[in-house]
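Two complexes come next, and they have one chain in common, subunit A, joined by subunit B in the first and subunit C in the second.
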Partner chain A sequence: MELNQILEETNQIFKHVLNNPNICLTSTTTASDIDEWDSLNNIRLIADVEQHFNVKFKLREILKLKNVGELCEGVQKKIA
Partner chain B sequence: MIFNSWEFASLFILVFGVFYAIVPQLRKWVLLIASVIFIGFNHWGYLALAVSTAFLTFGSGIWIDKYSDDKRRQRIFTFSLVAHLAILIFFKYFGFLEANVGAFIKILGFKWDPTITNVFLPLGISFYIFQSISYLIEVYWEEQEAERNLPDFMLYMLFFMKFLSGPIERPGNFLPQVKAKKVFNYTQTSYGLRLIAIGLFKKLIIANHLAGVLNEVFASVQDYSGAQLLVATLIYPIQLYADFSGYTDIAIGGAAILGYQLSPNFNRPFIAETITDFWRRWHMSLSFWVKDYIYEPLAFNKRSWGVWGISYALLVTFILLGLWHGDSWNFIIYGAIQGSVIIYEMQRTKWCSQWSKYLSGKWFKVYNIIRTYLIFSASLLFFKIEKFADVSYVLRHLFDGIRATYKEINLGMRDHNIIVLSLAIGLMFFYEYANSKWDLWGKLEKRPLIFRWSFYYLVVFIIFSFGDFGATDFIYLQF
Partner chain C sequence: MHRHNLLTQILKGIQNHQNRNAFFIDGKNYTYKVLAERISGILKEIRHNTGKYPQCIGIVEKDDIETYASLIAVLLSGNTYVILNPHNPEDRNYTIIESTDIQLILQSDKSIISIEYPKHIKTIYTQSLSSSTALNELYKIPEENDNAYIIFTSGSTGVPKGVPITHRNLNSFYSAYSDLNFELDKNDRMLQMFDLCFDVSVVSTLYPLTLGACIYTVPQDGVKYTHVYELLEDEDLTFAAIAPSLLSYLQPYFEEIQLPKLKYLILTAEASNWDLLSQFTACTPNAEYINLYGPTEGTIYCTAYRVNPNQIDTYNGMLAIGQAFKNMHAIIVDDNLKEVTQGEKGELCIAGSQLMNGYWKDVNKTNEVFVNLDCFGVTTRYYKTGDICFVDDKKCIHYCGRKDYQVQIQGFRVELNEIEHTVRQYHSKGSNVVVAKPNQLGNQELHLFLEKYEGNDSNLFEYLKEKLPIYMCPKKIYEISELPLNTSGKVDRKKLLQLI
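Take a look at the complex of A and B:
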């Protein structure tokens, strides 16, 4: 799957979980860029991304992610 | 040795003088020797345990780092973690565990005679064990290389400006600073001195003045009327804040003078609109510690449970945060209240966003700030009062005799003290507000020398004139 497509689908997940239709993710977006993306919602986002793409992350993989781009790259590697 | 003592002032001045007088290569040794004196001053046992723990952490880090095989690293990490927790549990929770196991055994109908009634509680143990655990986790997660320089590591563990009550430092923030060359910096020194002055103002003028009267009220709640209990309950968060943030200001300021930048611990907590936000602003080095090392792993493991998994992780995390403060059921309840309110607030946020058109005005914000303060004040009863029965008494009688006179609700404080306290509390909150909006100290720096030094002398004069120099410990020393 192309990285752009993963980013687009991840964007839809973020809009749904964070209940904010105006979210527009880029590969450099981080939690500090989106008000609703806090430590409580972070877990829900990861769970929904995993479920949507049918992949599983380890905790240490999640902790090392620096931005949305790295999350999408992680998904791409796992579904490849 | 506490920060507001002449012994500490003498030690600090001596350390400062020697630190900048000798060659930079030896400066960390000055801090290490000062830390050893500072910790051992009260009891050699405190020093022995802190140094032994630091050795254990140092060795464990190198041992974990030695292997690349995940399973072996995990085994060593688990062993090290259990060893550190065993130290904490033995020294801090042994009596509590023994009493509760004893009570349970009695319920089952067996005889039980507790043999050990009192274990010596080493100063700062909760802080340095958490710092050790943070280091071990970071090494295990490969976020941090194991430190191989023993003196550097010892300074990370024992540095006297943060040893007693934090901030709980992460290795990634502190260890690089130990290795950096330290040179005298006028701006940093004047910043540190200003922070120390602010800390002393909070501690000596606000916290100490309130300590005497509030300690009396909460020690014998049955002797006070409902209105007096209500006033004490509402004021206690301010005393605790002035005390702990005052301590933190002195710690950060003192460290800054010696060339170290410690982590912030408070960010205007009383403007928080939710308890969730409050814990991002209150005792931040502890709340971020539990978030990173307890909440996130727990919530991640239970992510398939959805909201229930997050709720479970929050409740466990905050119960442990409460228990970190001390070995009593009241601290567990204190933590459970925080966790439960945050779980409720997760649902409330959804509800509020549905009605955001009606619930986003200035008055709703004010209502939320007051609501958060009241919830925290009520929960602090479990933090402050030792016996559950006494907390229950306060909660049942909080609104008795609401028509009390001024004479009653002043809790026996003299008018002069009430005026000083009110002005000092107002000034503290106004300063924090103004400093968040404008760079107050930067503006002061641009003023003429005579103006600046007149201002500094005025602050020192105020502290000496109105400060309560009675030997009152910082509240968080007990943890």
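Take a look at the complex of A and C:
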């Protein structure tokens, strides 16, 4: 799958989980850019992304993710 | 006497461990020597800008050495610190500044989101101050009756309540806390994961300094549990006080976690679910778990329950809160303020030297929460905690829930009334009710029900975010033609919970 498409689908998940239709993710977006992106929502975001793309991240892998771009790349590698 | 003076012991810690690390912040170590020099530099400037009488000094919170040094410098100057969180709405910070008559604010640098301060207030950017080596000539051990800090908690009228804690309260707490006999020394590595607006941060920051141990801090924004896990594992932390909800985030990954170096795990800030904790024990083979309970009004913690995995005391799956600290007395009373019999539920009331004198400039609120009760034949002032508890046959106190409409969210005590009050400022055409419901992870979430509302949800969200800290903003808004009432004519909160 193309990175752009993963980003687009991830964006939809974020809008839904964070209950904010105005979220517009880029590859450099981080948790500190979005008010609603706290510990609790992070769990949900990861869980929903995992479910949507049918992948599974290890805790160590999640820690290494610095931004949305790395999350999407992680998904891409796992579904490849 | 000196043995139980927290500040004297911190000064000793600084003196005796100059070359050891005091803080580990954002990947960087700071020795006690560096800490002392930063404290001295800030202390000198505080002296320049304050008079003979103690006053409140604002500190703008940031996860850096400047903020922690400022906090200690204010204490060692004999003044009172008040934390201003730049992530909180401006209105809230402004109310706090006004009510405590802050004339001086310490802030690390100009990069922090600035709060619009009134013109007469002087701001010191501490990063620009030069270090000093004259700590011994600069510090002053404050009077026992002077306030060490004021912490603001949620208040039902929309105005936060200030809880002033004196040095007597703090020293009394320190003495009782030391009596828990943790086997800790200068070699220990201890976690500080709490927001400085929350009082567990006081013990997480100050206690390690008395030992010469190193404090590992966690940034307050972003995703906290991953930071905490990283520190625990990568830095081999030996002592950690955490809110149990943090573990619920980590639960899907327990199999990956191994923390053999952890000696003590303190559970605090909310009820501790033993089912979850017992699963975590496999990750911490050498740690003792201790459940510590206490309202801010009673100085951080006032009861302790040491977990013995072979003999667990729980109620509804929640760990017991144990027994009162040595300088505190706890009794459980019914609605007529008569002590209940063993096993019977009632409101927990506490008395003793850790108890605050009263809310900051609020006699009415103070009178509401204090009550005179008989304690071994002597009339004694007790604080009504609002927590429903009972004592079991082993004299162990169990927590059952809140009496009023308060809930605990991310460790913060939230009055649902305060949120409803704020919503009314925006939408007064119909009533509104906020209810809290635990989500799948067992953590409380807020839901707002609005009568006669046809507006735009996101505008209302934006409004609430401007007025309330993010943890007080409801997750979801429901429009409802009429709020359901129960037989006594009150809003039927149980029915609302079923609608979620």
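As a working rule, the second predicted complex is superposed on the first by the 80 of 80 C-alpha atoms of A that agree within 3 Å, B and C clash if a C-alpha of one lies under 4 Å from a C-alpha of the other, contacts with A are read in each partner's own complex, and residues count from 1 in each chain.
Criterion: contacts are C-beta pairs under 8 Å (C-beta built on N, C-alpha and C of every residue); 3 or more make two chains touch, one makes a residue touch a chain.
The model shown is predicted, which means the values in this text are computed figures rather than measured ones.
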Original post:
Hey, is it subunit B or subunit C that touches more of subunit A?
Top reply: C
Original post:
Where does A:22 make contact in the superposed view: on subunit B (first), on subunit C (second), on both, or on neither?
Top reply: second
Subject >> First, second, both or neither for A:54, with subunit B first and subunit C second >> reply: neither
Subject >> subunit B versus subunit C as contact partner of A:62, first or second or both or neither >> reply: both
Original post:
What is the shared patch of subunit A, the residues that subunit B and subunit C both contact?
Top reply: 19, 38-40, 42-43, 47, 59-60, 62-63
Original post:
Of all residues in subunit B, which touch subunit A in the complex?
Top reply: 141-143, 276, 291, 295-297, 299-301, 303-304, 306-307, 309-310, 313-314, 342, 346, 350, 353
Subject >> Complex contacts: residues of subunit A adjacent to subunit B >> reply: 19, 38-40, 42-44, 46-47, 50, 59-60, 62-63
Original post:
Taking the complex as given, what residues does subunit C use to touch subunit A?
Top reply: 221-226, 229-230, 246, 249-250, 252-253, 256-257, 439, 441, 443, 458, 465, 470, 475-476
**OP:** Could you pull out which subunit A residues touch subunit C in their complex?
**Re:** 19-22, 30-32, 35-40, 42-43, 47, 58-60, 62-63
